[in-house]
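Look at the two complexes coming up: chain A is in both, with chain B in one and chain C in the other.
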Partner chain A sequence: MATATGGHRKGPRTGSGARRVRRNMTSYVMLLPFLTLFAGFLIWPLLNSLYLSLTKFNGVRPPEFVGLANFERLLQDERFMHALSNTLVYVLAAVVLTSGFALVLALAFRGQGWGDRLMRTIFFLPSVTSTIALFLMWRWIFAAEDYGLANTLAGWFGVDPVAWLATPGLTIPIMVLMATWSGMGYAMVIFVAGVNTIPEEYYEAARIDGATTWQQFKSITLPLLRPVTTYVVVTTMIAAFQVFEAVYIVFRQVSSVGGVLDSGLMIVPYLYDMGFTKFQLGYASAIAWALFLIIFVISMVQLRVGRATREL
Partner chain B sequence: MNKRIATMAAITTIGLLAGACATSTAPAAEQAPTTGPADLTFWMTGSEDEALVMQKAADLYTRSHPDVKVKVSALSWDDGHAKVLAAATGKSGPDIVSGGLSWGIEFGGLGGMVDLREQGIPEAVKAKTQQGVWESITSRDGAVYGTPLDMTVYLTYYRKDLLEKAEVEPPKTWEELTSAMDRLQDDGVKVPYSMDWGNIDWLQYFNFLRQAGGALYTPDCKPALNSDAGVTALNYWADLYKKYKAPTQTAEVPAALANGVAMVSGGSWQIKAVDTAQPKMKDKWATAPLPAGPAGQGAFIGGRIVGVMSYSKHAAQAADFIKSLYTPEAVKVITDAAASRGVLWISPLTDNIGNLPATPDQIEAIKAAFAAGYGPPNCAGWETSQAEVTKKLQEVIYGKSEAKPALDAAAKIMEQNAG
Partner chain C sequence: MAVETRPVPPTATPARRSGIPGRPHRPTSWVGWAKAPLYLLAITMIVPFYWMVITAFKPVSEITRNPPSFVPESPTTVGYRDPAWRPDADTPGHVAGLFQRFTEVDLGFWRFAINSVVIAAAVTVLALLAASLASYVITKHDVKGRKVIFLMILGSMMIPWQTTLIPNYLVVRNLGWIDSYLGYIVPAIPKAFVVFFLVQYLQSIPNDLIEAARIDGAGEWRIWWQVVMPLLRPALAAMSIFVMLNEWNNFLWPLIIVESDQMANLPVALARLNSAFTGAQHMGVIMAASLLASLPTVVFFLLFQKHFTRGIAMSGLKG
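Presenting the complex of A and B:
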């Protein structure tokens, strides 16, 4: 049947293409609005930004083609390297903690009872709340003024006020805390879906064989959750690489982009700084493409590793 | 496979070529008749209150020019710069913008704003404004892309009760400031001094640099902050944090005073805010000029410029409206409307400082600060150097570097960005 169909498709070209187009015209017309938007708002800006990354462009005067000079500059730019190293540390910590806490929450609140549902809803709330509102709330929590919750709590225990947002050593930990708090609810929901697809019989069999809870988790839950874990890790990592609001809203008020001593300088805020503060839109586009390549390569490695470990 | 690669390459090439066409520059804006009707849009950087205040001046203008309507919208300081750049890039947006004192030079240099000399505004305004500010808004080639809209200056806000208790007078010099902080600490004041506007930033350092006799640039725009005066200023400023525990995280003047900080260096606009935000502070605080350093007084003068975007089709009407903002009637309308909203508006026309809605001692402090004030430098590359220079200064505050090498590195950054 397949051969017959294939043979039919490979038949005389004359007229078949036109017939196929006529036959599928309705589908094409229905796809057209999406394709127009997709091309206009995604493909076009992407290609334009790739072109701009090869130019010197200040936003107003015409771009001047400079070849790969912006990419060469990236390799010698100390602030970019600093932003890259900050970003890698932040991504590693945020991904590990978000995924870890999400898995713990998923195991704790995987049931269908009202208590579990309520807890899942509570932990999921940050995911459906405006990020601007969330980060303004964090800014207030760590404020130096008398309404700053963190220092108020510290004061109750006799601790002197802490300059939370102006202490370089606290910048990345605070950012990781914010990312974990706001991201673990969403990842938990994905893990719950994954955990609930694991057949209960596997656990019953393991219990009959005398497996402990830890052994069941290690030998059944974790291996069978591998595809879900890969998805959670990759999506969390991509979001972490693109961190912007946390730096822009929470730390920028303390000291320009990047916070004190650039302790919170990440790639996207640096890109913004170059593009919209320093008018170097060509260089900012090169940073954007460098970030794309970094995320692409790391995601590919993760997917390959995930596939390889599944085949073990 | 090869076919697919070839297709991808073709698409990318077409995209790059198309991209090249997409970002080409359009010709200069075609001008509408200079005396005809116009609907002007004005992006006012600042708060909603300040935009409403400016709308009063716009309404005043419309009463005498019924054909010209001006709609004022607030643009937050946080993203105002990016939005004006987006408007200049897209050649679409407001006819008139206000923003930081350096914005005119920046956007004008890019070709995004009109040189107001063509509209005759500088001649009408220059002689009446603070000269330090005027120098700051004038490009090196003499172009004026934005004229001063308002001014702010640094003042010392102090708690009268705490200073009296410690038997300390408001400090007039660095030595007196140091001695006052020691006395206040001995008297149990945990935080004798803090800084608000531009805390751990070049802005606060600028005050000390000027008081020590230094400058960011030489008159011919060579970086000069790594001079002996620059080192003296940086060491003194950094000691305020390291030795006297001035907070590195900023609390605004009203909150700092209410929290028991004895002296705060902050912007003049806070004069109206203290009693409003912290009613319990009423009659407990006062203002003074910043203490003088080894070379005398010195304070940064900030504020906003106002200018016309180069794509505006109504540049003549927009410029005429800007000119109207310097008439005595408009200044009075703006100052009164601002005061009714708890904002101290200081016109760039220095003759008006004596009529500010403030107490006589506050007016004296403001006058003294302006007399010894300096605006930001107008040298190429300063705007792009600020953040990195600030990080170098912070290295000294946080004990990561000595003053001289940090300032040398800052000077190098300024030199590189000068192009």
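Presenting the complex of A and C:
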């Protein structure tokens, strides 16, 4: 299967044909550990999940083929539509705020002095803190009791204690707050790296031409930062669509995974609810594929694939 | 807009201080004022952490008191172990400390920390080994199908891992890996992103060293271990941080495959602690546990800060 044929660019040209065959065997053996697990735990499950989405399956009895019934149900499922619209609102707000704050922070604290480094460390801290610990912390901050931190601060302004986590209208704002608070430091670090690749001469030239700070930002920083901005927005967006822990830890009620009146129901918590508390694995697989399609479309925006393969 | 903060490169500082002749330097004092809200924002970053830390060191009576104290009046470690608490008697104002809970689990709370460390270490090592082998073959070997393989790996980066959650759960269940280290570790080894990253890195490395080793008669395995791995070191360092942090925070997958307390990792243990004990009197213990679960990664970050930020910058800019 592996005789030396033409068309190689990087291939080694030393050795005889027999040696090349042996090397090719070694190559496949070297690929084997990754490829086996890759096929077994990524590719096959993806296809299997597509198959399961066409079945009725409770995890015990064999799956029963039902065609597109799960997807039809998905479109009429008010709870799914609710989860979808919640997720869209949350993603939009979280992505705009996280990227916006991150850019401002990156421009403000991009230097190498100790002050800027300290600020970057502070903003980055949530990225290296245990996620669940952070959400438990927020749950405690937004405690309904009058001695909770949020209620104490509100009390200073004469506001009566609020049941923050049990007020449906506050669920998504609190989730956006938590996402922005913990995500902007990470995005900031990416922006700092991007901003610092812009040559200082551009700004000097602009200043000599009398450009204001705002004009410099608009005509130099923003355009040159566009690839980095795209990357930050896309990755933040993909991560936001997959939100689960915030809902599960902070808002979950005994009766429902999505918080009071499902006000915090999002796609992945709904997938978890259908799959692993109601054991409707076929229907949950349809939800999983809906999520896949959304993320696939977003990823296509980035065209990372095209660029990377051209280099190969 | 705090835009006018071009960094002063270290070497340029003396020149600035002595003043650049010719053009007067524009006063930048307003920039400091423009930054003021951002310093306020930094305070809002600190306050939640501060609240978590002080709660972990307050006695129950001080936690459930209005108005709350912002400096612990009687700092204590009862959140970890409360000598006044009795399992068999009613002790108002005292709850079981963190290390007095999970008594049915060997080593109590430490067991979860050990689970987390073992899993994170195993996944990181195995994922990087497998990915480095694959990326070496993809970039430096001339095998049929490598382009197709790489395309598939790239394409798979668009799959949200939750899509494979249910089939993977079924696979792990059929293999009898529920509630085991294998169930945690094996499905986590293939990381498409790591291969993608290493391939990009290797493409920028010339083939000379590898060719030279081949001419010297080194086998492919030896070249991989003794030539390629050292060349990859910066990329591996960056990726190991990513993989490790990811595993440390892994929650949804263990939530599904872990049944016993014995096999919980820290995130699952924290969540169980939270759902088993509701009520503010337990918040001291929960914050104490949260603090313990966060400390390793935070300390690790403070020690290797440069690697963290460089790794993120590398992946962000190259991607």
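Throughout what follows, the second predicted complex is superposed on the first by the 266 of 312 C-alpha atoms of A that agree within 3 Å, B and C clash if a C-alpha of one lies under 4 Å from a C-alpha of the other, contacts with A are read in each partner's own complex, and residues count from 1 in each chain.
Just so it is clear, a contact is a pair of C-beta atoms (placed from the backbone, for glycine too) under 8 Å apart; a residue touches a chain by one contact, two chains touch by 3 or more.
Keep in mind the model is a prediction, meaning the values are calculated, not measured.
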Which partner reaches more residues of chain A (counting touched residues only), chain B or chain C: C
Partner chain in contact with A:194 - chain B first, chain C second, else both or neither: second
Which of chain B and chain C A:236 touches, first, second, both or neither: neither
Contacts of A:276 with chain B and chain C, given as first, second, both or neither: both
Contacts of A:129 with chain B and chain C, given as first, second, both or neither: second
A:48 touches, of chain B and chain C: first, second, both or neither? both
Chain B versus chain C as contact partner of A:146, first or second or both or neither: both
First, second, both or neither for A:180, with chain B first and chain C second: neither
Touching partner for A:171 - first (chain B), second (chain C), both, neither: neither
Partner chain in contact with A:59 - chain B first, chain C second, else both or neither: both
Doubly contacted chain A residues - partners chain C and chain B: 43-44, 46, 48, 52, 59, 143, 145-146, 272, 276, 281
For the chain B and chain A complex, residues of the former touching the latter: 12, 15-16, 18-20, 22-25, 78, 81-82, 85-86, 88-89, 106, 110-112, 200-201, 247-252, 255, 258-259, 384, 386-388, 390-391, 394-395, 398, 400
Residue ranges of chain C in contact with chain A within the complex: 1-10, 34-35, 38-39, 41-42, 44-49, 51-52, 55, 63-68, 129-131, 133-134, 136-144, 147, 149-160, 162-168, 170-171, 186-187, 189-190, 192, 195-196, 199-200, 203, 207, 211, 214-215, 219-221, 224, 245, 248-249, 251-252, 255-256, 266-267, 270-271, 274, 280, 283, 286-287, 289-291, 293-294, 297-298, 300-302, 305, 308-309, 312-313, 316-317, 319
Chain A residues within the chain B interface of the complex: 43-44, 46-48, 50-52, 54-55, 57-63, 65, 79, 143-146, 161, 163-168, 252-258, 260-262, 272-273, 276-279, 281
Complex contact set, residues of chain A against chain C: 1-2, 8, 10-12, 14-15, 23-24, 26-28, 30-31, 33-35, 37-38, 40-46, 48-49, 52, 59, 101, 104-105, 107-113, 116, 119-126, 128-134, 136-141, 143, 145-147, 149, 152, 155, 181, 185-186, 189-190, 192-194, 196-197, 200, 203, 213-214, 216-217, 221, 228, 231-232, 238, 241-242, 244-245, 248-249, 268, 271-272, 275-276, 281, 284-285, 288-289, 291-292, 295-296, 299-300, 304-305, 308-309, 311-312
